[in-house]
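What follows is a pair of complexes built around chain A, which joins chain B in one and chain C in the other.
Moving on to the complex of A and B:
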């Protein structure tokens, strides 16, 4: 460009004192003219520009949030919470895919083997959120665990947050699988209360043993109880009758009570 | 001042050269900051928009289609980042339309000499009409984007643009 802007115009423009028509000229000229850009660069607060550059420099090095985190952020979840949730090992796509495969096998079994197959589905469905919770938080499964322990967020809060997310995700998948079962009726939903009971019971136990061990104990108890009920009642679905549902509800309440009563132990256990 | 052209710098940025980004920043951040500042009175918001713009340049340099000026491309990103940030803030008081100072009588006469009557006509538009002319013509925004920037509905942008056009036409022809 052969014609350049008068320096006085640039000075007045930088101070916001140039009239509109001349500002139009300045703004149309600047993006493409290196000498005038260089001239106006000296009129902008250098400290301000270098602060902005420092922020850019930092942001380039920051990791780009993954799709889960971006989705959560868009849904209005605050950034720290979104980051905590997105890092949950049992919310990774590979984990959820595994859950979906297990549920599909359960649904197929229910289709082929009638009541025995349905029992297999109902037995497995509550174990899935439990397994998710077992690996949701802890020194052996979470690469960010030490950071999380050192963070000013309570361990219990992190654990509950992730538990809720895992339970919602797996329960949604299980509900979809149950809805595809042949001859869908109430029995197909009989896993709902047990999954709540198992998860809360495991959380309650986790106050004294750590999440992974608590989940293992609860899972083993669940499997034994369902098989024993089958033996005693001579019906594969005995454990899912009204008595079984009530027992699961009581387990849920007991687990919740334990968590509330012993919430402080999470802070001290988390270093284990 | 390095002799590399904006295009060379952008190609280097696309290849991951952070010094090239710094060079582009030194060239373009000052005028971008000033120009955005004239459209938004909040300096923090402007600085955030500038920061977002150069992050977008860093991540999206490879996607530049190579047409037009690099400076115009950067402006397009910058003004849209600013609009996004204003939109997230929700409904707000419309800004007082730019800080442009009314020219003195002497300047108004000189303007007639310098550009014919166009500049004077532009300066005599009311601030609301001028802001709309600036957003749609100079900033190359759509009606919707201009509305978001100025905090008014898109329909109002259209009617103000029609009024501005009518007023300028009348003044220039009379």
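Moving on to the complex of A and C:
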């Protein structure tokens, strides 16, 4: 069979002016017809061809967004911010699944062991965002941290961005778990202010020690304080009463004040 | 053009150890090489020039601004490219993904423009064809070029390259020199290295550091000239502390001449070794 495409079709196709249906016909014909391929080769503008190859190259090389990035972008988060957030270890599905499992165990314990079980849930729930913040950003999780510090985006901005995302994600999971706790009313939400207090206190302390160490110190202090309050008050929930809530609120304010006052330390200390 | 880097009596102390002991230095357009033995303070100085480390004392100005001021520091970082001594990378990223990540941190917010820029710098370092390959699958030399590519994003006015040729084979170093010498047109490049060949091949100026102080500041030719009249070749090793047997069996001496020695033309390395003196002897012994 020696049916060939009309020269006018080839010319218009090469210029990108042929309608879609005829373009499909040309594209179906060309792979099987050497004379037509030879005929069109001289008609294609070299610049256009080069731009097309560039676009194909770019489409192949460009990063493919993962599930977290796609979710964030669907939620309206701008593309560059979504990229920076998607690289947060504590926003990975595996991490969030682990958090959900811990909370589920806490909820089961609260149901099974009464006040002591509830104390365990309230003790653990604020530690989860703290753990998330500890691994959100820094030289221990980002091998390119030294370069990142020298970039204009700023260590503090990225750290705060990731902290907010981690806290929102973890708090949402904790809220769902708390909602399943039977008959404990407001006490079931007593982890909320401690969560905020611990996270901000850790950020404040991070201005001196680095995020991971600060989170470890704050977590240890929190566990000791809850257990000590239990011993002193003879009630496992003593630490979650009004005095404990006020102390956590003060810790949150002190942490925020420290971050604001010493924000410069994040930007010139690469181990922040 | 004003000097991009100006240090005036800059000190840096880590606890009781003084890494920089009052360095005064202006670095302007072109490539300036920073030479010095391990522990001389090179990396400390480079990190300061990259705004990741603040001086303990003295005055530091980068691109005409004071990096202590937050707004000024952000502006400096917008016009700065930095390749650290040990550029860490996410090994599961492709080369493109890694440079794209750094471009995001460098405020390239428009996706299409950012991707074009990422491709431009990867092509400039000769990695256009392997942009899709994962970092862990790249050779050491290729990874160094990826690190150089991220430093080139946005064609920065000031490039701080800390030992960029460490671990590269001669062919890779040649490729690197081509890229950096092109980059140096109309911008300031501060390059720290152990390789005197790199300094001889690339730099218009060389600064030598030792124990946190500047011990030499001049052209590569001037550094080589320091050794004029002090470099000898002889049939046997004798006398001079700095001496080694060369490939042709003769002994090259720097310092006092042994018996029967003949004076030879000094190289930049000879000048540098003479400058190092006892430190060089210890390094050679090690």
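Keep in mind that, in the parts below, the second predicted complex is superposed on the first by the 212 of 272 C-alpha atoms of A that agree within 3 Å, B and C clash if a C-alpha of one lies under 4 Å from a C-alpha of the other, contacts with A are read in each partner's own complex, and residues count from 1 in each chain.
Here is the rule we go by: a contact is a pair of C-beta atoms (placed from the backbone, for glycine too) under 8 Å apart; a residue touches a chain by one contact, two chains touch by 3 or more.
Values in this document were obtained by computation on a predicted structure and should not be read as measured data.
Q: Once the shared chain is lined up, is A:78 touching chain B (first), chain C (second), both, or neither of them?
A: A:78 sits against chain C, while chain B stays out of touch.
Q: Once chain A of both complexes is superposed, is A:41 in touch with chain B (first), chain C (second), both, or neither?
A: The first partner, chain B, only.
Q: Examine A:28 and indicate which partner it touches, taking first as chain B and second as chain C; both and neither are also allowed.
A: The first partner, chain B, only.
Q: Please indicate which partner A:147 is in contact with in the superposed arrangement: first for chain B, second for chain C, both, or neither.
A: second
Q: Determine, under the contact definition given at the top, whether A:63 touches first (chain B), second (chain C), both, or neither.
A: second
Q: Name the contact category of A:52: first (chain B only), second (chain C only), both, or neither.
A: first
Q: If we overlay the two complexes on their shared chain A, which of chain B and chain C does A:87 touch? Say first, second, both or neither.
A: Only chain C; A:87 stays clear of chain B.
Q: Tell me the contact category for A:19 with respect to chain B and chain C: first, second, both or neither.
A: After superposition on chain A, A:19 lies in contact with chain B alone.
Q: Show which residues of chain A both chain B and chain C reach, each in its own complex.
A: 57, 60.
Q: Would you mind writing out the residues of chain A in touch with chain B in their complex?
A: It is residues 13-14, 16-24, 27-28, 30-32, 34, 37-38, 40-41, 43-44, 48-49, 51-53, 55-57, 59-60 of chain A that touch chain B.
Q: For chain C, which residues are in contact with chain A within the complex?
A: Residues 47, 50-54, 67-68, 70, 73-75, 77-78, 80, 82-84, 86-91, 94, 96-98, 100-102, 104-109, 111, 114-116, 119, 131-132, 147, 150.
Q: Would you mind writing out the residues of chain B in touch with chain A in their complex?
A: Residues in contact with chain A: 1, 18, 21-22, 25-31, 33-35, 37-38, 43, 47, 50-51, 54-55, 58, 69, 71-72, 74-75, 98-103, 107, 111, 115, 118-120, 122-123, 125, 130, 134, 138.
Q: Considering the complex alone, what residue numbers of chain A touch chain C?
A: 54, 57-58, 60-63, 78-80, 83-84, 87, 142-154, 158, 263-264, 267-270
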